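Labels run A, B, C and D following the written order; every chain starts at residue 1.
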Amino acid sequence: MYGWEKCMETLLQKLINECRPYTNEGKLASYIPELEHWDQNLLGVHVISCTGEEYGAGERDTWFTIQSVSKIMIFACCLMDSTTGEMEKKVSVEPTAEGFNSIVNLETKNANKPLNPFINSGAIACITLLKGESYEDKYIRVLDFIRKICGNDQISPNREVYLSEQATGSRNRALAYYMKSTGVIDGDVEEILDVYFKICSIQVTCQDLARIAVVFANHGKGLTGEEFFSSRIAKTVTATMTVCGMYDESGSFAIKVGLPSKSGVGGGIVSVVPGKMGIGVFGPALNAHGTSLAGMKLLERMSEELELSIF
Amino acid sequence: MYGWEKCMETLLQKLINECRPYTNEGKLASYIPELEHWDQNLLGVHVISCTGEEYGAGERDTWFTIQSVSKIMIFACCLMDSTTGEMEKKVSVEPTAEGFNSIVNLETKNANKPLNPFINSGAIACITLLKGESYEDKYIRVLDFIRKICGNDQISPNREVYLSEQATGSRNRALAYYMKSTGVIDGDVEEILDVYFKICSIQVTCQDLARIAVVFANHGKGLTGEEFFSSRIAKTVTATMTVCGMYDESGSFAIKVGLPSKSGVGGGIVSVVPGKMGIGVFGPALNAHGTSLAGMKLLERMSEELELSIF
Amino acid sequence: MYGWEKCMETLLQKLINECRPYTNEGKLASYIPELEHWDQNLLGVHVISCTGEEYGAGERDTWFTIQSVSKIMIFACCLMDSTTGEMEKKVSVEPTAEGFNSIVNLETKNANKPLNPFINSGAIACITLLKGESYEDKYIRVLDFIRKICGNDQISPNREVYLSEQATGSRNRALAYYMKSTGVIDGDVEEILDVYFKICSIQVTCQDLARIAVVFANHGKGLTGEEFFSSRIAKTVTATMTVCGMYDESGSFAIKVGLPSKSGVGGGIVSVVPGKMGIGVFGPALNAHGTSLAGMKLLERMSEELELSIF
Amino acid sequence: MYGWEKCMETLLQKLINECRPYTNEGKLASYIPELEHWDQNLLGVHVISCTGEEYGAGERDTWFTIQSVSKIMIFACCLMDSTTGEMEKKVSVEPTAEGFNSIVNLETKNANKPLNPFINSGAIACITLLKGESYEDKYIRVLDFIRKICGNDQISPNREVYLSEQATGSRNRALAYYMKSTGVIDGDVEEILDVYFKICSIQVTCQDLARIAVVFANHGKGLTGEEFFSSRIAKTVTATMTVCGMYDESGSFAIKVGLPSKSGVGGGIVSVVPGKMGIGVFGPALNAHGTSLAGMKLLERMSEELELSIF
């Protein structure tokens, strides 16, 4: 281990210690029953630089469900699998002041399109655009993509969480049926949502999230040089993460942290430092917006200490 | 002139030539009567690097009114003049899917605060937080700040535009009176709006906008090293520009251009390349969102050619 | 036939002749495929007085589906089967400026309750409050009530329309799943909607509608004196019809016609003249609000000629 | 005094006694400072039949400001002074689920017209349609009309209330400026609002309100047979009162009371029993919707006892 690396490990450990008390201020997600059983004091971070160095601290090996962090993978796959014209008919890329499961704008905005791919309605619409004969194919498309980028064939959904999302997904059904009624989506709503629920239930660790993040930081390329997707797609997803990734607190997050990021109610956050590194964070106690409270604090402190803000 | 500089001048001239045809697709602002008399084919750009080099092409010396670009100066002054606590009571920093003069969220969102400082309601609320005994003082506060950063004491409002904004500002009066009714602002609405109308009517050139932009790119410092404001404030404004600067097309702008920017219906756009350069653009023919159509195209092309995107 | 009766028949025939040309201005409902095959020039009216006289003209024997007119029967049954407290938790009785299938208010109004029992969400919520062990029982509850009041055991759903409502009911599914997500309704959404779709597909004639209307006009009693429901329930339903029965044109309808009424996209309208008579109208060509265009004109003219307005 | 009359006086006195305790559950209006000084236990009622009998009980001679009850007089004058076409451009006659001072629908509904003449925006729009060279003329138009119908030349605004409305009318200014920005109203907003504030400040008693009500009950005619306005106008106003008169509790009021009514935050309520009588009620302690709480209870009990509901 070199001096710089040692220094990073020490810093990350210091920040984990400093931020762990914030885990007490958050709440475990209640609307996905299986998530309630977590230890709310967990907190972990893993960093991978574009040159391949890795550092971490805290519970970086703990498995949790990817939840909405998967929306960046769905969006990326969608950009690979569809033409711009097809995308533009189904989903916009604009921010919204409404929450991640809001239905209002589907009725009040003229085109009835979801405002962006990172709210639930937008991710559901994106799923219909994925390559694949069947919905099972579309699910496999995203799962394989996550496995490939993470270099881990063992990545799979958590069956309990999946069943629980299935059982309690009324709001998502409302969003999907609304979009079906306005022609944004076609096909069998339960089949489409099944893909969505399965993808949300995929289990990952901080290390996996960091592996995802560093590909975006590296403009679509893996650490060994293979191109997972084009630089244009990397920038499209990263830009959208900046503007819409943290829902209705995207503005304050950009000010405090200054990194393109995407959170999930499983407690994970992916943060991209373009050209430099990818960060994966995990902490299951959430703030009122459904984002890891201590995880966000950790990113804020890291951004300050390492001057990572893109602004 | 060095080779690099010559090369930049040539590139900018090429892009002006390439983008000028787009000026025919836009429309001159109609709701500010004085703006209607512009030649709609005007297009100019000026660039200042953090190391002090300047380049430009097209109508970079033409005077136009700063309009909503001034909102970044009002916000910056506000951040200098108020505490975070005072700011948080008056204005949020979150994006919105509504337009720049929308009143809906003032009623439907719980706190009744404007969603961000770059929509009209937010800028009006910010004005009340500026340092100054009187509203005249608050106006002078911003005017002097613009003059100082631009290094140009001649910068002044256009009286005709100011009178026309005064005469046609009913929507802004509605926003201000609504905020007065909910306690977001105090004081005399006409006096507050008078400051707003005067600031919007300040005349600048592309060169002035580039001078403003480069200070944000340089994290608050001028080219000769003087600190106009703190790095923290620079990053706060720049981050907010990225998320909210282009109103309800902030997302697609971030994807296409990838630079923190703020537009005005006068035809100006300020773009910041953090750590590298400031850009001022002018083109009075606007798109449906009130942003210079050809100016935006020019920024998109510049960003591609020079790989300026922050993502 | 007495002179008065003959005079009424003549008047109704005259009004049918006068109003039939308006059938060309309306449109057959397109979102329920089976309805598209109607002859759009049909127009019929049937009147039953509280003293038992009956008059009619036009296509008063034509079968059509009851659609939203059934909402007054669902509401009436609900008022009989539930306590006021149970009702108040599930549905409000206030008008709305939004359309009959709007979802916005379920999210934006605090309680998430449907605003009234005559918009789709409200009728669906009412179904869950009906007496009955199973959903089949709840359906039979309403069907039997309609049969009993109309004195016609042959009244049944139209299977084609029912299947078509099932197949195209995405908006109603969105409403139901949204209410399930906020706890307004429990149980299996498809089962609940199946009751709704079956009830909407029940076939009636103008004569049946007039029989329903006269019971409300007679404050809950049938022509032979039997009490179908209390006077309080009759007044509750009739008052709600006046304020909310014609959706977002309830105001202009009250001005022009002045009678508590409820329309359906099947082309039927029920109108109540309290203490005097019940009116059933049918004309399948609809206006932009989903109400029989010529049918409404007919009611307006009848109200003028017979001075029926309750105001 | 005949037996019937004595019986009515006795009944009204009994109801006043029964309902006065409810005055403790309401709150005096706080947003009009002058109203705060009232004794909150006041309660009065006055009834005038279409045949000229008068009965009353409680504080029926106490002066209070007419406030929103004046909207029925503004609307009636407007219907006399303008063509239907002019009216339709400025104001709709549909109910809304939003409150009386809501601004949302002015932005979200396509035509930008106020939804009805009984919310603040609608009454302000109506004022611009009144006959009169100057705004002073328009004010005198309404004042004289009220004086004429009440047969009382002493009726005048309360200067303190007027000044206080002027001083605190920010929300109304927001509504008016919004409508000016969309072209619904022209002219000087302060002048228009001055008329509105003056009219709202006019002082009346329960007896005056009953005199107004009985003219509507009598289809536009006074007790001595003079026609104040046409039967068509009487029905238009009465129908609109039923559907929109109690704002977002118009539905439950129609169910409980069943009479076309209009309330004001001054504590007055006008209720019309078409063809039978006019009722004026006063009780300054308001419910959450800005309506006299005990006054509403009194009307509910009267309607029950005398079977007044129009349904």
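Methods note: contacts are C-beta pairs under 8 Å (C-beta built on N, C-alpha and C of every residue); 3 or more make two chains touch, one makes a residue touch a chain.
Every value quoted in this text rests on a predicted model; they were computed, and no experiment measured them.
Student: Could you run down the chains that neighbour chain C and chain D together?
Tutor: Where chain C and chain D might share a partner, there is none at all.
Student: Let me spell it out: compute each chain's centre from its C-alpha atoms, then which one is farthest from chain A's centre?
Tutor: In terms of C-alpha centroids, the chain at the greatest distance from chain A is D.
Student: What's the rotation, in steps of 5°, that superposes chain B's Cα atoms on chain C?
Tutor: Going from chain B to chain C via C-alpha fit gives 180 degrees.
Student: Let me have the rounded angstrom distance from the C-alpha centre of chain A over to the C-alpha centre of chain D, please.
Tutor: 55
Student: For chain A and chain C, let me know how many angstrom lie between their CA-based centres, rounded off.
Tutor: Centre-to-centre distance between chain A and chain C: 47 Å.
Student: Between chain A and chain B, what distance separates the C-alpha centroids? Give it in angstrom.
Tutor: About 32 Å, centre to centre.
Student: Quick one: which residues in chain B touch 2 or more of the other chains?
Tutor: In chain B, 108 touch at least two other chains.
Student: Pairs of chains that touch, anyone?
Tutor: A-B, A-C, B-D, C-D
Student: Please give the residue numbers of chain D that touch chain C in the complex, ascending.
Tutor: Against chain C, chain D makes touches at 92-98, 105, 109, 115-116, 234-236, 238-240, 242-244, 248-252, 254-255, 258, 260, 274, 309-311.
Student: Can you list the chain A residues touching chain C in their complex?
Tutor: 102-104, 106-108, 170-171, 173-178, 180-181, 189
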